[in-house]
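After this come two complexes, each holding subunit A, first together with subunit B and then together with subunit C.
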Partner chain A sequence: MKKQPNSGWIVLCMVILILFLLVWQLLGGKTGGLPGPIPVAKSAWFFLSDPFYNNGPNDQGIGWLTMYSLARLATGFLLGTLFGVIMGVILGLNPVLFKALNPYIQVLRAISPVAWMPLLLYSVQNSGVTAVLVVFMASVWPTLANTAFGVSNIKKDYINIANILQMNPVVKVFKIILPAAGPTIVAGLKISMGSAWVAIVPAEALLGTLGLGYFVWNEWNNLSLTSVIFAVLVIGVVGVILDYLFTRLAMRLAYVD
Partner chain B sequence: MSLLEVKGVSKYFTTPETGKEFCVFKNVHLSVDEKEFVSVLGHSGCGKSTLLNIIAGIDSASDGYAFWDGKEIGGPGLDRMVVFQNFALMPWLSVHGNIRLAVKSAFPQHSRHEINKRVQKYIDMVGLTGVENRKPAMLSGGMRQRVGLARAFSVEPRVLLLDEPFAQIDALTRGSIQEELIRIWLSTGITVFMVTHDVDEAILLSDRIMLMTPGPEAQIKDEINVNIPRPRDRSTIIEHPMYYSIRNKIIRFLSTKAVNRKELSLVA
Partner chain C sequence: MIGKEPDKSHVGSIKSLNDPFDGDVSISHNCCGHSHSSTDIHQTADTEAIADRAIEEAVIRGLFKGNEVSRRKFMKLVGASTAMSVISSLFPLDAAKAWAKDASGALEKTDLKIGFIPITCATPIIMAHPMGIYEKYGLKGSNVVKAAGWAMIRDWAVNKQVDCAHMLSPMPLALTMGVGSTQTPFLMPAIENLNGQAITLANKHKDVKSPKDMKGFTFAVPFDYSMHNFLLRYYLAEGGVDPDKDVKIRVLPPPEMVANLKAQNLDGYLSPDPFNQRAVYENVGFIFKLSKELWSGHPCCAFATSQEFATTMPNSFKAVFNAIVDATAYSAKIENRKDIAQAIAPRNYLNQPVEVVEAVLTGQFSDGLGATRDEPDRIDFNPFPWNSMAVWILTQMKRWGYVKGDVDYKKIAEQVFLAGECAQIMREKGYSPPAETYKKHVIMGKEFDPHKPEEYLNSFTIKKM
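Now for the complex of A and B:
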């Protein structure tokens, strides 16, 4: 009885998976229906057995496609993080400015990053750059809002110590402000990463830039639903791995007051 | 001129709900000479911590002047290190990291080796050898304040400002840290300004004790010289003939002022 809560969830988790596959098998595979689990598994095997093949610009292995998406994600996310953290620190340290800009931030935050796409595409005239900018728009707001919130709530004691020690502003930011607000900032980065990964799929699909989102749409156009389902699973798994990385980072930066 | 002079300092706060001005303390005068250990003793809420923060330069006076080394205080500085009641350690840094942060700020020209040597020296001085790599959360209250003291001494300030430094430490540990503070103070010979509400602590540590009336409009109304020779020991100091007369005088001041502030302020 005592040990059950610890290991019981794994059993339950597996039971749910098996039930899901069974229901899927029973419902799928019929004419006009979705492909069942077995053709999808076959398709997955096909893609995973040679993930890094390259047959020209429109036919590349799933490994490459994932890499393209991740590279795009990393570029947009890093830009968004840089801008979000810098602006967040500035707003966090200037309560009046924070209050004045907060309504705009809330509005911008509520806009789906994909909605910006036509304007961005029109402005930069380049689909690759546009995709990166969509990721930027998806990842900048949660980071900015969380950083500003974290910085504005730093304990006065820490700032007092920094002032008594006569730290210059740069040292103060890196030695006191960022570590003190670190856990809140990383919580924002985690949300940002999640929304960036969500946004990249429709961005790639609509812009036709090579990546997982493009792959999903391309396979739909080929009417290959097994490939679509496989791609959906890959997107989910990569998303979970990214989220896990930020959970680890959050654990490293957490502190007990 | 004394090292530290406070002349006619008052502090007002505005109550957010009513918008009314509230006077914490009014027209406070005090002076501290080099190498003195001076305490301000008063009830909670009399504004003694605010007074200390004004001297530290992390708060400002509403009225009056505070001079440090002949110059008016305009902000904080490494020559006036504060030891806070709630320790104010960086929770994400180890014991070593916390002290190192202060040492690096005070001695930016030092090499890495010199900095580490100095950090270790002060860790050893407060008896924290062996727990250098622990985070504050892994330390007892007494140990945390040892870090606070080590950090304060490590920058070699001219004055140490102690803001009820032992209030959050259990009574048994408090005594040993107080004795350690005296030992370090005697060996370094720096000036100490302390605020406290603990009568025995004030007598044990101070050369001079200033007595503050309760707020609002608190004032320093009396001053007592503690003419008990050093080194003092918390177990033998109570046997000194002066001890109880000093203690009774303080207790009488604090208890009667609390009951009827207005009436007694005429007498004092």
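Now for the complex of A and C:
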């Protein structure tokens, strides 16, 4: 039992999938219940067979919708990362400031990013910008907290060597601090990406900005549950791919002291 | 002698006309090029010149009865300026030019965005797109954009993300008064549809006969500022049930109403179609009463735009107003309904099966109690925004505590519901609008006199004022 053959987990994984589909088929598929796996597969085939069609602003292929969501995610996430890392480094290097601001950060990060949405929409008066800001709000706090933590825990030796070499502060940040805190920062980015992807769906749904989230909402408005289930699966798969990419990035940045 | 009037529907899209006084070029090719960019600062001057040219061309065409060869010969013979002065002495060109510009100047913006909610009430707004009615009025590149709820479409309209919007008819009144939103003056140039709503009850309530049997029910309506809400409250109160004390009324998006009816969280709802029919189709509810049985010909949804849009882009506003009146009149004809159902059912519009849309639009449907009904006016279309309807809505907003204090009924009604303007456009198109803008309505057998709103309010015993 010590060394399982490599294919064992794949078999188990398939068995679980088949069991799941069977249970689904038995529970759903009745009139009035959830649609079963076969109609969902049909609807998935409809959307996947032509992912990049464009019939105007209300009907575009699933490929386009995913692109819109990813573009929104990238914009908000990059803004959040920039802000989070800069603030994180500053706070990590200033323990007093970190302690003073920490209570506020804790309160802010406990707020669901979607809860900001009405206030943001009311003040910026543009649903596209609001959606990006919601993503920003979702992605900034884990990055900030992890960066500050990583920076404040860099080995004193590294800092001392930088001081002996009389590095100027900018070089010090890029040559010593960021590489040393790199793995912690990327771990924060990974959490940020996860929560940003979670936030983008309700943000798009509530704001009506074209993307996967709005797609779910519009299909729900038409009570076409097969499309809703399909879209939920797409959202899950895209999330897994994003997470995988960050795991690869984290592996490349890891180092041994 | 002018032969043909300049075709108003094309003035906005004329790009480059050849000089009719030039013997070397032909004017017989046609006029409609691409739409211009609305940011071009030369556009106004350009399009004025183009309008001038259109008039000149029309006059010349009239004179030569469309004979291109004799026009060219004549122009070459006498020269453009002589021809111009000769023709001016025969026909007051300048006056004609001024009149045409006043009637329909250059469109400030042609690629309008018009928000809609995917329900059958939006029929005229939606169908004007696939059927080319917006384009007919020069609004090239205009598009209809789907919103997922009334609050969303309100925010889009207030934030100017859309130029015009499909709203519930009480919404422009509420926005103008700043009730339930920031105060923004809105206009309602036309009513989208009449009737088109129903009270749907869960299947377990098949023995319910009157409001008395509904005490303790939980109902849903799509929005606070909706005819759905006001009609449901009116219906309950007429039967002696206080809608604020004896029942619960929740605001829910219509698809969630169907899901909640199924989950037994709701006893019934008053909602727009196709969601009443959808409950029958899902076998979870039945159509208890069509809203036309409460008030035959009541207003439902509206075509609305901000006052700012109408004043800063008067020509585009007029063009879209014309398009909507056209589309509404077209929808009013029952023989067109099948074509309309075909045009608006696809994914980018309603995203419903054609048969469902057709059942609602043609009024032949099964009610969930085993009967098949034929009600051609289940949904009806008439753009004319009676000021008296606005007054009724205001009385109900006051009755149920949405507005407090004195309400200047007629002032608000006339500011928001553009009855006079709509009548003028209807007349220009050969439809016969009513001669007056106020009339008495009968709701559940009780007469409403728009000139005595306070007396009307005082006649109710159940209210929340």
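Points worth noting:
Following the convention adopted for this analysis, the second predicted complex is superposed on the first by the 252 of 257 C-alpha atoms of A that agree within 3 Å, B and C clash if a C-alpha of one lies under 4 Å from a C-alpha of the other, contacts with A are read in each partner's own complex, and residues count from 1 in each chain.
Here is the rule we go by: a contact is a pair of C-beta atoms (placed from the backbone, for glycine too) under 8 Å apart; a residue touches a chain by one contact, two chains touch by 3 or more.
What you see is a predicted model, and the numbers here were worked out from it, not measured in a lab.
Because the two structures share subunit A, they can be overlaid on it, and in that overlay subunit B and subunit C fit beside each other without clashing. Legend: residue contacts after superposition of the two complexes on their common chain; A:S224 is shown touching subunit C, with no touch to subunit B. In the superposition on chain A, contact is made by A:K175 with subunit B only, not with subunit C. Within the superposed three-chain model, A:I185 lies out of touch with both subunit B and subunit C [touch as defined at top].
Of the two partner chains placed by the overlay, only subunit B lies in contact with A:I164; subunit C stays clear of it. In the superposed model, the angle subtended at the C-alpha centre of subunit A by the C-alpha centres of subunit B and subunit C comes to 150 degrees, rounded to the nearest 10. Of the two partner chains placed around the shared chain by superposition, subunit C is the only one that A:N126 touches, whereas subunit B remains out of contact. Contacts of A:N55 after superposition on the shared chain: subunit C is touched, whereas subunit B is not. In the superposition on chain A, A:Y255 makes contact with subunit B only, while subunit C stays out of contact range.
This overlay, made by fitting chain A, leaves subunit B and subunit C with a least C-alpha separation of 50 Å. Taken together, the subunit C residues at the contact with subunit A in this complex read 118, 143-148, 152, 155-156, 158-161, 253-255, 258-259, 262, 278, 282-284, 346-352. By the touch criterion given at the top, residues 31-32, 55-59, 121, 125-127, 205-208, 214, 217-224 of subunit A touch subunit C in their complex.
The touching residues of subunit A, when paired with subunit B in their complex, are 155, 157-158, 160-161, 163-167, 171, 175-176, 179-180, 182, 253, 255-257.
Of all residues in subunit B, those touching subunit A in their complex are 56-58, 75-78, 80-82, 84, 86, 88, 90-93, 101-102, 105-106, 135, 137, 155.
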